[in-house]
Each structure stands twice: as C-alpha cells, then as structure tokens.
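Presented below are the structures under discussion, each in the form of structure tokens.
Heads up, the next two complexes both have chain A, just with different partners, chain B and then chain C.
Coming up: the complex of A and B.
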C-alpha cells in the first residue's frame, strides 16, 4: 500500500490517500501521514483506490480519530467501494466517521 | 246408516296418509293399518247386507262372523305391532339424541380448549419481532423478557456478535497503540546506536592519539619514558571504551530483537481478516430473516387453525340446534299413538254396532274421535311450523 498526505490552508485541511491493501504493515507510513498535523485539523481519507482493510487498519483509523480529537474529530471517508463500505458498516464506523 | 261408514273411514285414512307422507316408515305403517281397517269394514258391511237379504241362511251368517273375527284379530295384532314399533322408535331416538348431545357438547368443549391453546400460541409468536432486538436491549421490553422465542434468541445472537466485533476492533486499536509505542522506542534506540557509534569513533581516535604519543615518547628517549607510560594508559582506556560500546551494542541488538518479537505478536493479535465478521453477520442476518418468515408463517397458520375452530363451534351449534327435532318427533310419535288409539276405539264401536241403538252410539264415538284427530292435526302442523322457525334462530348450548 501507499499512503500519501497533503495539506492545504496551513495544515487545517489534511487529505490522506490510501491505495491498495491497508493492513498492519502500513502502521508506520499511516501514522506519519497525520502525526505532524494538529488535532483540530479536518481530515479527509480518500479510499477510492483502497482494495482491502483488515482489523489493524480499522484500529489505525480509530487511532487517527483519537489523534484528531476523539468525539470532536472531523474525518470524512470518501470514495470507498462497496466491500470496504461493508467492512466499515460492520465495525459500526458510520457513527464515528462521516462516510460518503 | 252403515253406508256412510266407508267414505268416513276412507277420508280419515286419506288425511292420515297425507299427514305422514314426510315420515315414510310411520306413514307406511299407518296405511297398512288403515287399509286393513277399511277392508274389514267393507267385508263387514257386505256381510250385513247379505245377512239382511238372506236371513234364513244360517251357514252364511256364521261364515261372515268367522271372517269378522279373523279381520278383527289381524287388526288388533297389527295395532299391537305398530304400538311396539312406535315405542321402540321413541326409545331409540331419545337414546341416540342423548348420546349426540353429550358428544356435541364434548366436541364444543374441546374445540374451545383448542381455540385457547391456539390463541396462546398466536400471542407468543407475535411478541418479540426480530427487528426490535437489533439494539440487543431487551430490558426495554420487560413484558417480553421472559418470553422465549426464536426471534429473541436470534436478536440476542446478533447483539452478541456486534459486541464481539466492537471488542475485537477495540483490541486491534489498543494493539496498534502499543505498536506505535514500540515504534517510538525503536526510534530512540536507533538514535542511541548512532551515539554509541560516535563514542566508538572517539575511542578509536583516542587510541590513535595514544599511539602517536607513545611514538613521540620513544623518540624522546630517556626523557620521554614517563610520557610513554601515560600514553599506554590512555590507549588502554580507549580500548576499554571500545569494549563497553560493543557490549552496549550487543545489548541493544538483543533489546531490538525482543522488540521485534513483541511486534510480531502484536501483529498477530491486531491484524485479522474481517471476513469472519462479515460472514458471521451475514449468517445471523439470514437466520433473522428466516425466523421472521417462520414467525409470520406460524402466525398465519395459527390464524387459519383459529378460524377453523370457530367454524367447528358454529357447526356444533347448528348440530345441537338440529337435535331439537327429537322433541317434535317424540310428540309426533305420541300423536300417532293417540291416532291409533282413536282408530281402535272406532273399530270397536263399529264392531259392536249390531243394533240401532249401538249404531247411534257408534256414530257418537266416531264423531268424538274425529274431533280428537282434527285437534291433533292442528297441533302437529303448528309444531312443524315452530321447528322450521327454530332452524333460523340461534340456540344456546346446554
């Protein structure tokens, strides 16, 4: 997998693009993609090219949410394909993230 | 005078036959009785006419008298048989009706019991619809809590699965947090390794400097002897520093190795394919849907059973109502008996009418009995009308 992050408006809008399989091996890259940005930033996860999520990926998404302020976090998940959306739904993530 | 007897009796006969045309068996028996009576009267009249014409003929008269007696005994015999048969009919019908009554009452009671059982089942199956239990909080519905149903069971299984998935993802999250911690430790250790490399470089340079100092001390000869000792000591110190650094590097490598092992374990705990959850969820959802289908099918079937029970109840009511025929039939049988009695009386009057005086008495008796018969007929007709009216009404079971 590759993780790329970009920011605009001085780091207040962070966009993270996830491609391919998103699993345990990506723990360093994923963490580095957001660690440098402030908690109150608005995050957008672009999953258009994501093919697969395992449970550690779901755990990492929850850690991103924690980093972004927990219940105050503003995280949009965009472009997820039906299989990915299904996994997010089973994990009840629609209550924690804004899944479009 | 006796000439009128014939049309009168035939008239009575016709009325009786017409009246009992619906009760074939009894009508038939009556016709037999009446026909024998009629034949007997014709014969007797004929005999009397003959006896008037040929009074002198004693043999003829005796013959006629024998015939009279024969017909009379035949008539009596038939009337006795008819009476017995009527009695038997009455007994049979009342016994059968009694049995039917208790049987239908039993049927009705059982059908009511069945209806109650079915209603209980309907109530049980309609409670705890599967859709209600998605949240898994059955405590919100205290009434349905003690009701064990497939829907409740499936709902609880679903809630349990949701809880399990949530816990599982939470465990993954915590594991990843530990993983991030190890990442931080690894990063620090790499910095420490770099620093130790620096220490080793310093030790190597110190070693070189000590070597140079030793060379310079040897060149100075006797004057540099003391300095040579110092240079050796410095060299020893740099080598010791190198050894300590190597030792630290070895321990660091060991620690890194342990961290790597821990990370592998964490990976094993944290990363699981989510297919198991998807499949379990799918299985539970399918089960819930099937339970839903089964429930509605059972409810539908039970409703049909319940409707059938109602129909049985109605049919039993109709049957019990129809059993009222016994009352009317019994009265009809009594009427037949009374009619037979009237006919017997008429016959006896005709039989003994051998003088003008007796003929007069006979006519009185016949008129009297005719009135009895007319009254009976009126009574019978009104009963039949009553029975027809009863068919339309609703009868309470008793």
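Coming up: the complex of A and C.
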C-alpha cells in the first residue's frame, strides 16, 4: 500500500490518503504520515483507494486517534468501501471516528 | 326466446315468487293493481344480492313519475305500450348482455377478494410471523375492508445489530404478496449475512424491478441499529417524514426526511447516497407513520404537519405511542375514505438489539455459529504449507484469494475474505510460529515495538510451519468456504482471548477475533489452540 499525507492551512487540516492493502506492513509509513502534525489538527483519512483492512490497521487508526487528542480528536474517514465500512462498524469505530 | 314464463297478478306476489323461483327477467307494469311496482323493484333487487334479476318496466303514456321511481329503485329498462315485439326482443337482449357483464364482474370481484385473502395470509403468516417479538418496537396497523399492504420487517445482523424495514407496497392482491415475499426473503437473507444497509436496498430494488416489471410503488424506511443502539444508519425512500423524539425534553430532535430516490422504479439506485447516520441514546424513540391523515389534494407539507401536530400533542403523554395512536384515530374518523394507516414506534433501548453472545453457554460461545452450515459433498480442495524461513518472506494471502476467485465469483465479498485470511494468517504467524504476546500492544509504544519485534523474529526464523487448507462448495446459490489454519506453535488459551474479544473495542488487541467472529459463519478452535476452522459463505 501507499500512504500519502498533505496539509493545508499551516497544518491545521491534514489529509491522509491510503491506497491498496492496509495492514501491519504499513505501520511505519502510517505513523510517519501523521506524526509531524499537531494533535489539534483536523484529520481526514481518505480511504477511496483502500482495498483491504485488517485488525492491525484498526489498531493503527486508534493510534492516530490517540495522537490527535483521543476523545477530542477530529478525524473524518471518507470514501471507505461498503465492506471496509462494515469492518469499521464491527469494531464500533463509528463511535470514535466520523465515518462518512 | 327461450324463457319459462310465470304470471302473477300483483307486485306483492311478484316479491314472493322472486324469493322462491330462480328468476332471470321480470316484466312488470309501472302501475300494478296493488300500486307497489316501486317497492317490488326495490325489494327484489335487494334480495337478489349477487344474482342478476333484470327488471323491465312496462308503461303506458302519462306514467312518467312511476317510471322514474322504478328506474331509481333499480329497474334496468322500460318499454312503452303498445309493445312492438322487435323492440321488446331488443330490450331483452340488452339486459341479457348486462347480465353477462354483471356475472363477469362478480367473478372478477370474487377472484380479487380471494387474491386479497391470499395476500393477507402471506402478510400475516409468512412475513409478520418471521419477525421476532421485540418489546421495544410497538406497531399499529389500521385497515379498512381490504388488507393493509404495509410491511414491518426486523432481522438481526451478524454483529448483533438490528435491521428494520417499514414500508408500503402500493399493489393489490397477488402482486402485493409476491412483492412482499421477495422483500421479506431478501431482507432476512441479506441481513443475516451481514450485508450493509445500502447493499440490501440496492438488491431489493433490482429484484423488485426484475420481478414486477410494471412500475411499482414501494415506499420504505430502512433502519440499521448497531449493537449498542447508539448509532442509527437510515434512509427514507418516499415515506412520510419520520421523527426521532426525546423522552427527556419531550421534543422532536431529528427528522428522517424522504430522499428523492424511490424503490422499484429503475435499477442503479445507488442508495448509499440516501443513507444518513444519527447517534442515539435510550431516551429516544423513532416514530414512523405510513398513510395519510388528509385527502390526496393536500400538499405533502400539510400532510406531514398533521402527523406532526398529533405527535407534538402526544410528546408529554405517559405513553407516547398510545397517545399518538389516539390522536391519529380521532383524525382518521374525520377521514373515512382513508384506507390504511400504520404507525411504528421504536424505543432506542439496548434490548432492541439481540443479546450479545456473552450470555450463551460455553459451547455456543467458543464454537461460534451464526448460520446453518451446509454439508460439503464434493468440495474443491486447496492446501498449502509454508515452512521455516519461507514464512519470513512469503505472503500467501493473494494466492488464497486467487484460488477462491478462480473457482467462484467472490468480488462482492472480496474485501471481507481478505480480512478473514489476514486475521487467520496473522494469528498463526504472530502467536503460533513467532510466539509474540498480544499484551505487548497495550500501549502506543508497545504497538510499535510489537511490530519491530515481529520483524526481528521473522528475519531470524529457522523453523516453524503454517498449513492452510481450503474447501469450497457451491450449493444452489450458496457458496461456502471452509478454511483451516494449523500452525506449529504450542497453541494458546483461546477461551480467554475470545472472551476478551467480546468486550474489546478500545483495547489495542483482541480485535482480530472480534472481526473473525462477526465476519464468519462459524469459528472454532481445536485444543490446544494451534488449529482453527472457519466457515464463510456468501450468496452468488
């Protein structure tokens, strides 16, 4: 998979794009994608191109949430495919992320 | 003309004879000796009920008021004296044609009524009975004369959520029964397989379009409640606005407005766009109605307002449902012509959704099974074994997916199958072969050191094995895949881990099992825990 991140408004809006297969192999790339940005930024996770997701990926999403301020985190997950949405729902992630 | 003729001298006797003889045609003078031609016409027609007795009134000039009376009372025609035989014959032929039409109509009506009975039976016996009794859902279906073609369906989802479909099939008799059965079966089957709300709606829409090729009208609201009943995913396809109310503030707090998309019109509905999410708590209720409190001529806004007025008036009542029902009943009394009206209230309390598996017996809990598992007669098998240092650089998952792809169309469930394979493989590799402890992942740093450690151990791995066997079978339209993973490790306390997976949501571990349990139809471990078998099935 590839992870790309970009920011606008001096880092207050961070967009992370995930492509292909999202699993444990990506843990470093994924961490790098957000670590440089401040916790109070608004994060958008673009999963339009994400094909697969496993439980390690779910763990990584939680780490991003922790980085972004835990319960105060503002993270939008956009473009997830139905099957991926289903996986996010099974893990009860709709409570923790804004899944559009 | 081939009639047997009975003569009587007055109208009284005509009434008596009509009750005892099987009469087809009466020719009666407008002015009978007892002066009761009008009464006789009325009574004979009434008593005849579904039988057609034609009455031709014989008249003399200057008895127009009597003729008029008799025609109003039900006489079919009249003929003036003196009779012209051709004219009389023509009149008789005309009433015979009427009789034929009347009989055809009676037959059709009876068939229609039988169809209605059938539809009613299908609705009550085949569809509503399948709904589980959920005390948190209250409903009221009012119907006049014929059957109420409103549907309320409920079905559990594999992740212990609940799907609800409330709608109206604007069809009659058999068509309604066929539409309702299709809807119910599709809804139940897809809900139990864990398809998402919009996939269920899209499939349903396509099936209805195929099945009932003429444009049909199917209005519906689809609701999906997650296990904890704190998230609602819903869409409204042409139904009246639905409301989410709060018991705490006695107010309407949200509205589920009808989207512009309608069901049964054409394929490619792309219903996903119509779905929205609402967060819920146990003080909230969802109020849905179907039917109108006003006549057709009024605009949609006014119709909604009337329901809303009833609702607003009931918000502070002890029982919102009973209060609302009473208000609606009062309104309906003023609108006798309204055929059907339905009301549904869903109280968003945790008992709305199925009990989680925590309360189950041990056996059910550890050998989790959701659906009936079909027997494998003649499966296609595929085995691979990955050993020693190959484990460090071979990723078998694409191969496994390819295998399934070559023997069956799995596109729709592709992502899910990938997740299942990945979870099973990660489990076998991490815990079985590499003997990593999940506890390590309990903190952020731990999470990363876990993966660091995993990479380190993989690099120096010398011995170990993972054996994977797949068995595929297709039966009718059900595809079933049995997957076994056996690793060379010492096994693990799967009971404890599975137990944790019922509660883990924020923890950094245990989610793999949560996913497997929800995505597969069956999940079981063999002692000592180094071998796992899952069943995954999907519809083709």
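A few notes on this one:
Simple rule for what comes next: the second predicted complex is superposed on the first by the 100 of 100 C-alpha atoms of A that agree within 3 Å, B and C clash if a C-alpha of one lies under 4 Å from a C-alpha of the other, contacts with A are read in each partner's own complex, and residues count from 1 in each chain.
Keep in mind that, in the parts below, contacts are C-beta pairs under 8 Å (C-beta built on N, C-alpha and C of every residue); 3 or more make two chains touch, one makes a residue touch a chain.
The model shown is predicted, which means the values in this text are computed figures rather than measured ones.
With chain A as the common reference, chain B cannot sit beside chain C without a clash.
Applying the stated contact rule after C-alpha superposition, one finds that A:51 touches chain C and leaves chain B untouched. Of the two partners chain B and chain C, more chain A residues are in touch with C. Overlaid on A, the two complexes show chain B and chain C touching the same residues of chain A, namely 23-24, 27-28, 31, 53-56, 58-60, 62-63, 86-87, 90-92. Of all the residues in chain A, the ones that touch chain C in their complex are 21, 23-24, 27-28, 31, 51-56, 58-60, 62-63, 66, 81-87, 89-92, 94-96, 99. Taken together, the chain B residues at the contact with chain A in this complex read 162, 165-166, 168-177, 179-180, 183, 267, 270-274, 277-278, 281. Interface residues of chain A facing chain B in the complex, by the touch rule stated above, are 23-24, 27-28, 31, 53-60, 62-63, 86-87, 90-92. Chain C meets chain A in the complex at residues 159, 194, 196, 198-199, 226-228, 230-231, 272, 277, 413-416, 418-419, 422-423, 426, 441, 444, 447-448, 451, 454, 505-506, 508-509, 511-512, 514-515, 518-519.
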